[in-house]
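Here's the structure, in structure tokens; my notes come after.
Chain naming follows the written order as A, B, C and D, and within any one chain the residues start at number 1.
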Amino acid sequence: MKKLVNDPKNVVNEAVAGFGAAHADLVRVSTDPIFIVRKDAPVAGKVGIVSGGGSGHEPMHGGFVGPGMLDAAVPGAVFTSPTPDPILAATKAVDGGAGVLHIVKNYTGDVLNFETAADLAAADGVEVRSVLVNDDVAVKDSLYTAGRRGVAGTVLVEKIAGAAADRGDDLESVALVAERVIGQVRSMGVALTPCVVPHAGQPSFTLAEDEIEIGIGIHGEPGRERIKLEPADAIVDRLLGPILDDIPFVAGDKVLLFVNGMGGTPQVELYIVFRRAAEVLAERGIEVTRTLVGNFTTSLEMQGMSITVLKLDDELTTLWDAPVQTAALRWGR
Amino acid sequence: MKKLVNDPKNVVNEAVAGFGAAHADLVRVSTDPIFIVRKDAPVAGKVGIVSGGGSGHEPMHGGFVGPGMLDAAVPGAVFTSPTPDPILAATKAVDGGAGVLHIVKNYTGDVLNFETAADLAAADGVEVRSVLVNDDVAVKDSLYTAGRRGVAGTVLVEKIAGAAADRGDDLESVALVAERVIGQVRSMGVALTPCVVPHAGQPSFTLAEDEIEIGIGIHGEPGRERIKLEPADAIVDRLLGPILDDIPFVAGDKVLLFVNGMGGTPQVELYIVFRRAAEVLAERGIEVTRTLVGNFTTSLEMQGMSITVLKLDDELTTLWDAPVQTAALRWGR
Amino acid sequence: MNLGATWAKAWIRNSADVMSEHRIELIDLDREIGDGDHGENMDRGFQAVLAKLDAVPAEAGPGDVLKMVATTLISTVGGAAGPLYGTAFLKAAIAIADKTDLDGAALVTLLTAARDGIVLRGKAESGDKTMVDAWTPAVDAAGAAQAAGADDLAILRAAADAAEAGALATEPLVAHKGRASYLGERAIGHRDPGAQSSALLLRAAADTAAEA
Amino acid sequence: MNLGATWAKAWIRNSADVMSEHRIELIDLDREIGDGDHGENMDRGFQAVLAKLDAVPAEAGPGDVLKMVATTLISTVGGAAGPLYGTAFLKAAIAIADKTDLDGAALVTLLTAARDGIVLRGKAESGDKTMVDAWTPAVDAAGAAQAAGADDLAILRAAADAAEAGALATEPLVAHKGRASYLGERAIGHRDPGAQSSALLLRAAADTAAEA
């Protein structure tokens, strides 16, 4: 394992300290417990938005803290949901009196820890609502699984909920918008190489020199199936099929097309993927009206990508376009 | 070699097409010859700014095309400087009557091809000035080398020159600002793993499981020396030493600190690096007043990073802060 | 033999050692069908517990020890295992809150409360390929041993044996809860890491009793 | 033997084949001390040249052929090699512009002009570990052979032999130009890819003359 780290146990501490130093214009960082809040938190009268989860998916979530998006991000250990303490502390730190929304990705650990924190916050008089992101169509949403995972679609939920809070929506309304996005966003990913969790020091899985993993999660969890490497266009088709069939997306829909890098894939490849994905959507009569390309929901140095499609309407489009000022996503100010 | 590509010969074509489709709000793309211009080019009365070089360093340069930065980017084949034709075509496409600045990284191929294009443009009546970026202190600037290479410092030159052109400076003044940045910016990088050029299909170099390459270039050219892996802090110190001693940077200086990912390194590691770099600068009494962290000048999927330090003054700071609206760098609008 | 706060502390101290020793093994199990952090999570949590163990007052009962373990695990482990083990120890602590020494019945109560806590939080059923598949057989075996008049050590040994067998028996299963459930058939042939760490904990309990 | 436009076209056609065949070899040399694209660049350029070769008019002289090669290489190769080879062919084309058949003196003129073009653009001196280290010995050997009264084929063979020896002789050198110059002492032991491709080109020239 070759990594730019000191003691593997300090990866999150040191990275968060570095993040705070690099973005002192946007955020403040708490070191014990560890969380990141926007500099001017709490914003009086505004719904606070908190997200979090294991580290290793950067820029998610710390990179999304700032006006127009998250009020706080709570990074756990690498690939490990944070404990309730920092979630609770972050929740209190961003409560401006209008309540706090928790945006939680659907993993057992995230659900349980956020649940505990929400209970504790409620006991301390902070109103909390939670939404559960579960956009990954690679996983069957059945009684016999932990349900679909939350992956890159989370970025879109956070941006749009953030904009709703920013324009002054109340907690219930912000939660409803977030849930509307969750209902209309679907994703699926592929891995070409595994990632190495610093404390593990070994790849999370192994793939032969000609194998790829279709339906990969963002924690190096194995995916749906392992197949031989194919041309980029064929891989895109494999991911888009299940995504588009799921809601389904149909001719006439306007969508946001998001190609997300898993961390180790060069940008040229992401744009080759985007090109084909846009082509497929055009063939199906689905109109791409907004786009996002880049490393937003990563899995350390994993090579691969995911495709996310969000069905847009006028309101969601307006909220997507609204100003945002964070380390990783910024426009309009 | 596992990559999300179709035919390796079409990597640049397809990626540029995808880029154009994803960022149609910002850019137009020419396919023959290949170049990327801002959507509203040429901007009458504004100095046009063109940069370019081999592909594989994305988001550099296409990701920097837009108001406040580049008017055009000319991507060559992967790691191969573009030929004069597309440089000439891009130059003409962005000439708004106030002349065009070529920002060229100091590599023999880039210098020669931009030189020819500039001569041809001049013959066609377009006034062209060129500046040569050579920020890489890993290479000795002597009569016995091709001179220092242009690496991540190029991003800062492009941003600041772009802002100068945007505020209405004439060609001479924009070139002078660019040269001032070049005089005050220094960089050095490290690789943990090699990159694989798609048409080569093999790693550009090999490193043992415990080796890193100090002073790496951005084309997988071998670096200054190969050493055993060290903790991140020690590696940062190895890079910062030669950078700070070069100009030199001294106590009381205000600087922009830029930690650049080479493409395959996770963001957590970049922030661990940033943390230490900021600490070292603070120890030396050098004040970090602006920051940039992320994958901006990459080398395909190479793992590693470079550190860039730019000495700031009030004018350069104002130009850095000026609005910019590109796919990869955006603030203020 | 006398299973009071001293035993509880020794059990937890031994558990911390065991989690350190088996850190890589648990990581490896979790790499196969999860995300490769279970050993790190358990080790981090129990090291934090260890650091607080000496601060537990001398007059504390075993329930107080377990309560400290619960809150510490909750605030340091994270992931799925943190809340689940945290709840297990919390419910166990509450169930034996009034005891200073644990007899066989109290041990069965402790184990049952712990298992029920895990089920309450995680909603897993037997056969879902989770830590429940170690705990439920352990509770059943402890209950049967106690009903048959076994002594404390034998009860704990029965629990540990059953937990180990239960962990082993997760190997052929498809998972219905937790990360391994994403894998469908591909989880078959791999042991559940949480069931394995549960078996390690219960073996430490029995071994500690044997040393006493 | 008659070295006119037909020979020039055949030479270029053979060169295109040779660059395809040696693509990987040149990439590998460039991976060692450069950026691993030289073989790809040369192959891309000569394939583009090949595609245009049939369009060169029947009445064209060898200079016209070389001029087309020059402009095509300039507009398709890129990198350092594109402008350098482009200038070489351009200067060579100009130097023999008035010829229809090339005698020994004209061949020496062609080679000299090509070499001078490379030096003009690249400013490299002999011993800098560049393609100049293939071309200058080739020019010298061709000049000497011509002065000694050798025929065209012998002149080209002398040039090719010297270029190959020159390319080989770059191996122990430290580079002072191009990417390999960044490497300092670490370039020692590796052959310069541009010198190698130059030797291949000149060998193709001689082989083509031999076939004629």
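In the analysis below, a residue touches a chain if its C-beta (ideal position, glycine included) is under 8 Å from a C-beta of that chain, and two chains touch if they have at least 3 such contacts.
Everything quoted here is computed from the prediction, not taken from an experiment.
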Partner chains that chain C and chain D have in common: none
Chain-contact steps, minimal, separating chain C from chain B: 2
Inter-centroid spacing, chain C versus chain A (mean Cα positions, whole Å): 32
Chain centre separation in whole Å, for chain B relative to chain A (CA means): 28
Between chain D and chain A, distance of the C-alpha-averaged centres to the nearest whole Å: 54
Multi-chain contact residues (two or more partners), chain D: none
Residues of chain B engaged with two or more neighbouring chains: 78
Arrangement of touching chains [line / ring / star / complete / other]: line
Contact pairs between chains, per stated definition: A-B, A-C, B-D
Touch list for chain D against partner chain B, complex: 27, 31, 33-37, 40-41, 44, 74-84, 121-122, 174, 176-179, 181-184, 186
Residue ranges of chain A touching chain B (in the complex, touch as defined): 2-7, 11-12, 14-19, 21-23, 55-56, 58-59, 63, 78, 192-193, 209-210, 212, 229, 231-233, 235, 259, 263-276, 278, 288, 291, 293, 295, 298, 300-301, 303-305, 325, 327, 330-333
Interfacial residue positions of chain B with respect to chain D in the complex: 54, 76-85, 107-109, 112-113, 115-116, 138-140, 143-146, 149, 197, 199-200, 202, 204-205, 217, 219-223
